[in-house]
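So, here's a batch of structures to check.
The same subunit A turns up in both complexes below, where it pairs with subunit B and then with subunit C.
Showing the complex of A and B:
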């Protein structure tokens, strides 16, 4: 019962409860588009975007420092105002270049993502920061998620909750369209579906998801949050609806378990969640193998 | 008035023409076979008709009550679909998406019609199965049922029997003929199979270095006149 006592002790603090709420919501959103991303070979775009978000974070911190005289308290909710549009615009640009036959999609993604990473790190080391600032600590937590997400403010929790809700509602409303565009874009376009528009919508949702996941798992680990639940569900289930629902459940379960474990063993939240996701993937692969008689 | 008129089309990629001076028309109830060697631009032509590519020159007109987005399409299999987790039912009903506009879900009428189309294609018993586990012939029927949801007027088929065994090929051809004869659906089919084309089609379009368009009988005369090619 020692474990439960420890957990009960921690849950007295509102920050711990916030962390759990945000973690579950973010995990839910992240898993929704996983199937589409994996099947459309868009997973690399997700990865590229997360690096862009890192660069944007650097820009946000710089402007935060520059304006710090005017605004005594710069919290990361304000950073979101900068990070969100930059990432969304990059998502749109990446999608555009992906279609252009002259610049290969994956090359342009590599270019943008590595570029953003480099510029981001460069900016973070500029002189505008007070010398005392713990730069490597900042960078590390932006890349791999905070050591504990217990620093969330109520403002951030609300922001996350509202954005997650919007993402879920948009996903449900456009579920059939997303299915159609993912399964067969040419057919969709030929029979009058505005495929370009829905691709854009998908890219924007991905960007939004990445930005809100940054607090939880950090920019390097976001792709894992998006892709693992979908891949796990795809091992076992056979219809798009079942796979989507199942991956959402896996993701929520793994996130909750990951957060609890990270509290108990004081491990970094992001990597603990991803580790649980990997474990789930292995379990589902085995189940899928047993069900399919290992023939594939 | 013809259902589809292509007038002096030129097709190609990035400024390079593959075909030019292509004119033909398709009437309601026609069964047109498009023949030609690999790389002669058959699929490009089909995608242009569907509005996925822009023609470099010329016009594509539709008439006789046919809208441009009422052309159903049976594509060649793409790599995404090979491991796509989707049930047959989900795929068939997705044919209605073009008509939905901003409406988020399919209505009862559409679901019922999807059931009927599955019955017509003889795949009702597969409705809950996963698409990727089906045989090639069954997959083609699923996609055909989906195309029927999108339109009841005109179907474009891109090598519908590619990769099928002889029995499935035979079944596919007779399904298509049934749609053409008994349901009044105009068929435009790309094919490598000259023999089958001559057996079922009423009109032939041959593209390549020489362009031929005319009825099946005219095509036979033309070919015989020059000796078997």
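Showing the complex of A and C:
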């Protein structure tokens, strides 16, 4: 009972309520596209884009410092105006690389991923920031999302809620087309579906999800939020619809449980959520194994 | 063949674990033998102690008691909650104006190089100890630094009334009329 009393007390703080709302919304959005990404063999694109978002955040921070007149528009908490377009453009470029591209898919993801990470860290360590700025703390917070989810403002919660709503609505509206493009792009193209357009749509949604997920789990752990729920659901279910719904439920449950555990036991939020996701994956693997025999 | 490889790997892992343990016990024995310590040993040991105190999360430190009833009592919260609440206090200061606040952390001092003005703060680290928030305070009464104050890095509990003030066009927060438990 002591745990429930502690939780009830902590829920009186607005930042805890904000964290739970944003956590659940971000987890829901990330899991929806997770199934598509896993099936399209794009599991690692989330990781690449999250590094791009980190690099973009460094650019936003340095722009805010160098052009102080832009501070009201770009500050450390409201720099989406720079991060979002850069990440979306990178997502489009990554997904557009076809079979005839000079730099093939996995190589381009790796190149953009490490390149953005290095440039981001380089920019963050330039001598333009005030001496008092806690750069290592900011980098740690951005990469691992240590506590940024517990320091959200009402404005950021509204932004996240609106973006999440748009993502869910777009996913529901274009569910059939996304399904077609996911399973057989060539067949979809042959039947008149504009596969390129829907790939672009998927790329934009992924980029948006990555950017809003940065607050929850940090850049390095976003892939876990996208991949683990989908893989867990795939252990026990077979149809696209069932896997998507199950993945969304697992993701929301794990995010909520992870946030509550991290608040109760004072652990870093991002890694606690990922640890719960890993536990869920193990449980679902066992269930899947018991149901249909263990396979690789 | 496969079983043999697994057995060898397991043996090596167990061996390395024992080696690690024996390494620790060796250093403990070394520390116990005070008369045989070299200057380097003493320096290394004092550095290790210093790192332990400064790097420990607020949860695990034994803070002194302060008889102060506060509307926002940060001493009963865990380090995640303390960090996020202080962050909110600094960023949404209008919500906390004139409220009594009690906090635990480590003592820190900042001297303005231009004016020589000293600022005293209670530093609060997050769970990962990579970020920290400082809560400035002005101690009630007439006190002189350094003789009346703690050393930087010492655990401290402070209670006071939350207020904001402006200096050179920048708004800062602090606890005024603060009481300390040293």
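The working rule: the second predicted complex is superposed on the first by the 278 of 296 C-alpha atoms of A that agree within 3 Å, B and C clash if a C-alpha of one lies under 4 Å from a C-alpha of the other, contacts with A are read in each partner's own complex, and residues count from 1 in each chain.
Criterion: contacts are C-beta pairs under 8 Å (C-beta built on N, C-alpha and C of every residue); 3 or more make two chains touch, one makes a residue touch a chain.
This structure is a prediction, so every number in the text was calculated from the model and none was measured.
For the composite obtained by overlaying on subunit A, subunit B and subunit C can both be accommodated side by side without a clash. By the document's definition of touching, of the two partners only subunit C reaches A:153; subunit B does not. Contacts of A:21 after superposition on the shared chain: neither subunit B nor subunit C is touched.
Within the superposed three-chain model, A:190 lies in touch with subunit B and out of touch with subunit C [touch as defined at top]. Within the superposed three-chain model, A:172 lies in touch with subunit B and out of touch with subunit C [touch as defined at top]. Of the two partner chains, neither subunit B nor subunit C is touched by A:256.
Contact with subunit B, but none with subunit C, is seen for A:238 once the two complexes are overlaid on the shared chain. When both complexes are overlaid on chain A, the residue A:13 reaches subunit C alone and has no touch with subunit B.
Touched residues of subunit A, counted separately for subunit B and subunit C, are more numerous for B.
Vectors from the Cα centre of subunit A to those of subunit B and subunit C enclose 160° in the overlay, to the nearest 10. In the superposed pair of complexes, A:180 makes contact with subunit B only, with no contact to subunit C.
By the touch criterion stated above, A:268 is placed in contact with subunit C alone, subunit B being left untouched. Measuring only between alpha carbons, the smallest separation of subunit B from subunit C in this overlay is 30 Å.
In the complex of the two chains, the subunit A residues touching subunit B come out as 35, 39-41, 101, 172-177, 179-180, 182-184, 186-193, 233-234, 237-243. Subunit B meets subunit A in the complex at residues 14, 47, 50-52, 69-73, 75, 78, 80-81, 83-87, 89-91, 94-95, 97-100, 104-106, 128-130, 133, 146-147, 150-151. Of all residues in subunit A, only 10, 13-16, 134, 136-138, 140-141, 144, 146-147, 150-151, 153, 262-269 touch subunit C in the complex they form. Remark: subunit C residues 57, 59, 77-81, 83-85, 87-88, 91-92, 126-128, 130-132 touch subunit A in the complex.
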